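Several structures are given next for inspection.
Shared between the two complexes below is chain A, which has chain B as its partner in the first and chain C in the second.
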Partner chain A sequence: MDSAAVQAHDASGHDQAGRAGEFNLVSANPKSVLTGAHFMDGDHAACEGALAAGANFAAGYPITPSTEVVERFAARAPLVGATFLQMEDELASSIAILGAAWGGAKSFTVTSGPGFSLMMEHIGLAAMTETPCVFVNVQRGGPSTGLPTLPGQGDMMQARWGSHGDYEIIALSPNSPQECFDLMIEAFNLSERFRTPVMFMMDESVGHMTEKVVIPPADQIKIFPRRFTALPPNEYLPFDANGDGVPEMVKAGDGYRIHVTGLTHDERGYPALNWRSQQKLVSRLVGKIRGHADEITHCNEYLMEDAEVVLIAYGITSRVALAAVQKARQEGIRAGLLRPVVVWPFPEKRIRELASKAKAFVVVEMNLGQMVNEVERCAAGTKTVLIPHAGGNVHAPEEILQVIREVTQ
Partner chain B sequence: MSVSPAINPVEPFLRTERMPHIWCPGCGIGTTVNCFSRALVDSKLPLDKVAVVSGIGCTGRVAGYVKLDSFHTTHGRAIPFATGLKLANPSLNVVVYSGDGDLIAIGGNHFIHAARRNVDIKVICVNNFIYGMTGGQVAPTTPLGATATTSPYGCFEAPFNLPFLAESSGAVYVARWTAYHVRHIAHSMVEAFKKKGFAFIEILAPCPTLYQRRNKLGDGLETMRYYKQHSVIKNGASTRELKLDLKGEITVGKFVDIERPTLQDAMDQRYREVLKESYCGRGGA
Partner chain C sequence: MESVEIQIAGFGGQGVILAGMVIGRAATIYDTKHVTLTQSFGPEARGSACSVQLIVSPEPVLNPYLTHPHLLVAMSQEAYTRFVPDLRPGGLLLYEQDLIELEPLRSDITARGIPATRFAEELGRKLVLNMVMVGFVTGQTGLISPQAGRKSIADSVPKGTEKLNTSAFEKGLEYGRSLKSKVSPLTGKPPDIGRFFEDTEDFVRS
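And now, the complex of A and B:
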């Protein structure tokens, strides 16, 4: 399995921090960047990614298999000017990071399935109040307590719509420790760019596998800074989204005397409990993600130029799928892999394009069918086959290869 | 009362464009907000550095009416939000302003842990003995025998003694007043603002629409009369012994005023001790 090769074929063709085009990116703070080649697992790499991204506040509650992320952060925080607090539960962790964000910090929390369920309340509040922050979920088998020490990918739809009400979210899915580092920076950048909570959907395998992780010098890491307003308090409307649907922010204590509420609100941030305000606000919250899907989505493609059979897989599963694709090629089958790196918003456009060329889509995921429904929706009739797995262990490449053979017959 | 609105001392602290407020006539919450405004004047806190955090409920709406940085969060979670806010921005004076159901039932776990950690936040709890916003349901503060919509035959669960809970969890400042004790409330708030650490003020307040009416306790005015006649000020009283029930004596006063390191101080001190010059301080990354 060659994850470096997967990364080399970045279909979006541009480096992630550079996507934001017209915005001024800044270099990472060298104090927080552990430049060099390391041998570390995905959990530790995610922590280093967060630090490099400028995270200076984390709150968490212990839960397997994610705890190493905050253990490392707890050790590193006082050395780099950051704050860590272990809270009494995930409800507290997930809102402490919102308080910290409004205090001016870049913040994140880390959990796994059962804790993720508890955090749904504040993923909704973060979406509604447009609070930039990152939620890391190192997925394990579920439902409920499930398989605490073994992998799963069963929280993908929960990451998208697990909190009540209507909203859109951004979610990323790394497939290696190196990506846990790299994509964490992208996660923070996207959360600042769009003022939205970003879900960082790891899995136990990626979290606990140890590989080489190269951390570049700070000046090569590009950070999207918070979009603080330049307007004076008397001209500033906290939720007036001028232009691209994303309002500029302030922090508490700067004299703006803002009001921030989870109630439906108007541009002033004041409660406005009527259908017109609801329509306007929720449409904008959803629209700022959907309307920028081309800027946000990000896929890696491997051997796709002439592919008849398109495998779709994300996270750890994409590495097994790649092994199967390579074996299929040896047999002369024109198989390729499309790997959503940003899983939400879904790379709808790309799948639709492929649907006109491919013979079949084969979706490999460690659940009994979540992302496959999205693929099927965009496949417009092109044959779509799911290779499910309830979790606890990755797929066997042979099992995937067998399905590839079958769909080409 | 003949106070002209122009010189109403509260007005500069309110988002007047949001008036009229949602509270019922005779409700005690507005009275506590008056006291809060008075305390802000008296304490001379820089208003740009005061942030109010509320949860959900009738009192939870306070954050929406004060002309300060204000956060109306989720049900029960004002305290952990405030914890993050304060740690990220230590120059803020963070006040949590919420009701008994919000802070003590659904938010009870956060309440005891913030007190234990001695987070430097001020918690003002308006106790109206029921859930007001949702129509008068039984709360962990409802006195034995009192009726509520979900305890139609009278409450049979023992209520929390909030000052005792706060003190035993680690609060460094604990007081209880009723909405009748406006000067005492304002004075306690000033003291709490000056105090470093987790300060807790319980304010018993009439909810004439639900609690008083259902329990035939009269209107707001009558409740004030009851508060006046039945409250006994016992500063320094043992919180374990405080009286409060449906119709009897109410112990009010300041019960706890002690010093111990705040979460932030303890954190800094520990890091400095162990890490020496490698400790970077906080808020820098």
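And now, the complex of A and C:
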């Protein structure tokens, strides 16, 4: 298999800069960008990605296997003019980043499963108050404290549905330290573009593995700036739908009257506790993401041109799945891999297209069946096979290969 | 060159992780190979044993974890005992000979020892035994080029210690090269690792 064969086809069909469409992107601040070729782990690369994206505030309650992200941020913060707060717990961490965002900062927090559970309340608050911020979850085996030092992918549905009430979410899943850097920038850009919390769903394998990470010069890193309003205070409405469903923002203390609440609110941000306001607000919160799913969705496809068997895997699992696809090709089996890079919103359009052509979908994930339910929903009857793993180690490529052989027989 | 799997192990404080970082950085930043490094993070890593794993490959590494290492670098008896069963037949064991007794013996591997701790002490600091081992790996296998090793050390060690660490590397390198023409003390045969390193300049020739 030559190396060209593992080069991904970017199924979204457009580059990251182009995805923001009509918006003016700006270059990253050179002060925060560690340009060069590095040998670093995924946690450190995620931190550098956040810094390159312009993050200037992080709060956290460090937890294995995510600790290195904030450890590095704490060390780098004084050098780049950023702030790190070590908080008393994950509730405090997750609310601190919301406050920082409303103060004008680009903010994120970092955790793993047990802390992610505690942050759910504030993920909902961030969705409701349309606060741009990033939640990093370096997944370990669960439930509960589970396997602190070993990988899992058991929080994928929690990322989507973990907070109460109706909302849509954006989540990304990197599969290498390089992507921890690259996709962190995309995560921040999406959070600013849609004014929404974005989940950065790493896993222990990706977080703790060390590989080459190339950080480009700052002028090659495109940043989606905060959508600050140009309107004067007497005309500005903090939760006005603003054409594409995403309101413009202000900074607290800049002379605008703002009221930010988790209660159902009107365009002014004041509580409006009736069904009409609820219908209008929640429909817009959900609609601003669902309605832009084509812009947000991002998949990589490998060896898919003539694939009969379509593997679907994300995060670290996508790498061992690709190894299995390559082995299957050597045996003459027409296998390919679809890898959601953005896992939420789910790439349902692409999977529906493939369902009409593929013989079978094989979903490989490090849980006992989560995203496979989404695949089955979109597969509309096309055979869908799960290769589960309870966590703690990656699948063996041979195990995946065996299932590929079985479904093609 | 195929993918090469390397396990480096010893006890905490010997600089096992740094040795892995130096080799990995040399191979991927200066020798432009693909490298994935993982290290033991479990409760076992909080005790005395410590290990780091590398996969060095001409192609992107997909599975980050080792199956059967081609090369084991052992710096303590416990590391040897624990990891030598995983070494693949025909593989190479490079070990700290004053700290390890080859017991039990495996007849299907090549083992070569170095008094790395003693060399490090002679250079003035026992701490640099890890760089002696990195030099030994370089001299024995050509896994990384000596130039890449030197640059990587300069990037990786604390400021002010570059010279000492580089001297340690050179000592191990020289010793590794001097042992090259010898056959395995265990099997009486040359090591069967050439195919894993065949496109590197320091391919082991016996």
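A few notes on this one:
Just so we're on the same page, the second predicted complex is superposed on the first by the 401 of 409 C-alpha atoms of A that agree within 3 Å, B and C clash if a C-alpha of one lies under 4 Å from a C-alpha of the other, contacts with A are read in each partner's own complex, and residues count from 1 in each chain.
Following the convention adopted for this analysis, a residue touches a chain if its C-beta (ideal position, glycine included) is under 8 Å from a C-beta of that chain, and two chains touch if they have at least 3 such contacts.
Everything numeric in this text was worked out from a predicted model, so none of it was measured.
In the superposition on chain A, A:Q86 makes contact with neither chain B nor chain C. Looking at the shared chain after the overlay, A:N393 reaches chain C, while chain B stays out of its contact range. In the overlay built on the shared chain, the residue A:I316 is in contact with chain C alone; chain B does not reach it. Looking at the shared chain after the overlay, A:P78 reaches chain B, while chain C stays out of its contact range. When chain B and chain C are set side by side, the one touching more residues of chain A is B. Legend: residue contacts after superposition of the two complexes on their common chain; A:T210 is shown touching chain C, with no touch to chain B. Chain A residues in contact with chain B (one complex) as well as with chain C (other complex) do not exist. The touching residues of chain B, when paired with chain A in their complex, are 15, 17-18, 47-49, 51, 53, 63-64, 67-74, 76-77, 79-89, 91-92, 109-110, 113, 263, 267, 271, 275, 278-285. Taken together, the chain A residues at the contact with chain C in this complex read 1, 3, 6, 37-39, 64-65, 149-150, 204-205, 208-212, 316, 319-320, 322-323, 326, 393-394, 397. Residues 21, 24-25, 28-29, 34-39, 41-43, 59-65 of chain C are the ones touching chain A in the complex.
Of all the residues in chain A, the ones that touch chain B in their complex are 29, 31-32, 51, 54-57, 59, 77-83, 85, 87-89, 91-93, 95-107, 121-122, 125, 251-263, 270-271.
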